[in-house]
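Got a structure here, written out as structure tokens. Questions coming.
Naming follows writing order (A, B, C and D), and every chain is counted from residue 1.
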């Protein structure tokens, strides 16, 4: 029997798959739906202090092998979203609240509100590449990252994970800063800073001009990032970027990921992608003699 | 009539397409072949002081939308390659010699040898993501980059372009360093640092473990890089990354590129990709009223 | 599929509604929609009111983006991507089609494909859309206006109910304001008549990942926009509330 | 297409040559090759010696990677990617097939498909490959050995020339050491007989981008490995020089 259970500190999961932040996770019902198709945990849309519409349309472009998006962190705000969570609690799988803010204090405030509403963990969005004053802009400096992680760890009891940007040569240093500040896990990667231009209209397509590239296109970059992090960090790594089948998930786990997240493939494959990945992973582990995830994790490093 | 001619300092081209370094450009005959299918200029394989076998196989992986490669800079060395060039001179299109070295002095030595052999320009490979002591490792520090550019500029009369790595948040600063050191152009982007793992064999596929992602997958990242550079630099920008059709080329030009290079598409589409891109670009420019490349360049910034 | 198309023809359908025609090769089915990009303004969902190789959208002017569309000239270009959504299930059942206002748009490809009776509802006579063309396909076209300026004086649901009671329809296909659709649904439920209703929610990605168009557990952009009775019953929000662009609950 | 396959069966063909069979769904044509990955050792090009849904490669032990392949057991796994290359043009002409040494490998799928006469050449009797199977497909199988231990005493080209002069062949298809192929090509040119020869060069990418396999202006991996007389005439390097992994010119 293959054992797919896994945990990140106190977050216990039936399987290592998580819904990535920003994907069908702005409402309670959508979170429940993703649990029903097999997600081992779900991460919410990144939630801020106040309601926010996000960038005007167009905020997504379909590319050959993924998406370039600049949603601009739309969210109903901490208070209204806490209510969404309260309504669905208790849930069949853990809910991890992704949060964003422009100061350590605000991060802590939102984290507390999410914990109170039932979140089993907090994911700090330190990596959104297309929101000024937030995301990546706070997430490329190791000291700032450390102070945010420390502030949130002080404020809540649930595990705190930090989501990192790949748009830097300093990825591992920032991961170290998370670890040193007491973070429970790092999540890598967020989207790659990107742009799509319309030749006919001679302008960037996205209203925000810049966006973030996700989907299969970025998988080899994400796998590399996780591999790099695993060499230097002790805390668990959650791998994300371009996973759309069990092979991709297996690559991330062998690179060193404890869990993995699926985002774009919910669109390109469909929500059932979770069921398929988990079934495929289980079959692979059975055939290749991995009794559990521990035995497989980091296997590509040997 | 649409005018497709363009120049980078003294390098005059019939059209703005260039063969990217590392693609069918290790022998004189292969360079001639790429000119025959329409490349406006060709960039050679990156040449070092001494012959080098490169990394053992496997050194390439085909991904959904591109390649991950770690050739490891195989090349016959400066002397033998200079001979390849001498044999084919004069050529119907300019040959730009890509060179790599681990010190500014070596860069200058190789550049001189290439100039003497007939190269119309020099491209400094400051960006290969998978060769220790070379490439990206010398190309992520603005001061080092500046000193290499200055040394090569001192040594040769032909234009000198510096090829930048996208694996850094400092891209624009490094571009600035090239400009300040007297570089004639920047080339962006080289491949994204990446890895592919084989689940079945529980190991990275490439013998070098790390490789560089190229092809359609990276186009939105390359376009963004060129857009960023164009905002800050005065010198011309050569765009490269994922171009496989005229639309892609048009995106780069509108982002601010003076010329563009095509690499992976020579494999995925075929060498005729040059003819097709140029024809498509000409038709587009005719239909949308761009008499020449100047009128189109940077159009997405307005 | 994302493209730039050139507007071939513009027809004024009523004082605030126009149809724009363009050639676009994408294969589409009745009930699907596209995202229309008006550079510098917005990108908005629009049902296809023709689904052949010549496509049309029929646009009611209600705000910035739709006004910008109304300002376009023949020969101008727009960005389109899609088609998105599931479309209607054209199953051969005897069908009553009910269109309210610009909700007629996605119903036109249905009427061109299946033989059905039709109710067109609007506030007043000058807002009735596609009557002439519809009469070419349908034996029985009935009109309702809120102000009684044409046809039945009252709303489309009342008229449709009367027709359901007379006729022997096996299903109802409809599009229009959600409140109308909600009453229509209840009328059908009372009669045990299955429905296919095309709904709207605020759309951003249209590809089923952003979650802005959620209606209960359903993504209107990809699981919809057409919902059948079975799914409608599981959607307590239907007819009651929607989400604004920030994801907040707003009463209808 | 990149896959991991499990070796079903290993057959020893001669003292230094074995055939490995595995199931692999890729559609391939006679004359194509694959890249075989032996993790931790190397990845090398190998012709397919069977191109059905069960594929085989026939490997001569000459160095590290081929020795590692010879050390594999049934049930072991290898990585494969491909198929690559153009393959032979099986055009219905009366054909003489000439195989030298392990050059027989890509010719076996040809012999299974077309009706041809065959010359098998090797240094000595115990290095003759596939004779038994070939006799099942070919009316006329002739053997040459350098040491005269079996069949014609001499090289395959001499034997082939004799057969060309007797027979009324319309083309020659061959694979083997390049020096042999070069002489064979000249023999054919003298007789005005078109050839299709499968050549080898050092391969890294196999997808036509790295340039390591250049032969003049041709990429052996994708424009080849099979070249016809017309293209062979344009390749002054053919039979004379090749490139080493660094791209340096090396005499053959």
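Side notes on the structure shown:
Going forward, a residue touches a chain if its C-beta (ideal position, glycine included) is under 8 Å from a C-beta of that chain, and two chains touch if they have at least 3 such contacts.
Computed from a predicted model, the values in this text were never measured in an experiment.
Here the chain-to-chain distance from chain C to chain D, counted in touching steps, is 3. One simple way to say how far apart two chains are is to compare their mean CA positions; for chain B and chain D this gives 36 Å.
Between chain B and chain C, the centres computed from C-alpha atoms are 50 Å apart.
Residue positions 200, 203 of chain B are each in touch with at least two other chains. The multi-chain contact residues of chain C, meaning those touching 2 or more other chains, do not exist; every residue touches at most one other chain. Taken chain by chain, the contacts run in an open path, each chain touching the next and the two ends left apart.
Chains that are in contact with each other form these pairs: A-B, A-C, B-D. Interface residues of chain C facing chain A in the complex, by the touch rule stated above, are 2, 4, 35, 37, 39-40, 42-44, 77, 79, 81, 204-212, 214, 216-217, 219, 222, 243-249. Here chain B touches chain D in the complex through residues 22-27, 29-30, 32-33, 36, 45, 51-54, 56-62, 67, 69, 71, 74-77, 80-81, 198, 200-201, 203, 205, 263-264, 266-267, 270, going by the rule given at the top.
Every residue of chain B that touches chain A in the complex is listed here, in rising order: 63-66, 68, 140, 167-170, 192-197, 199-200, 202-204, 209-211, 213, 216-221, 223-224, 227, 247, 250-251, 254-255, 284, 288, 296, 299-300, 302.
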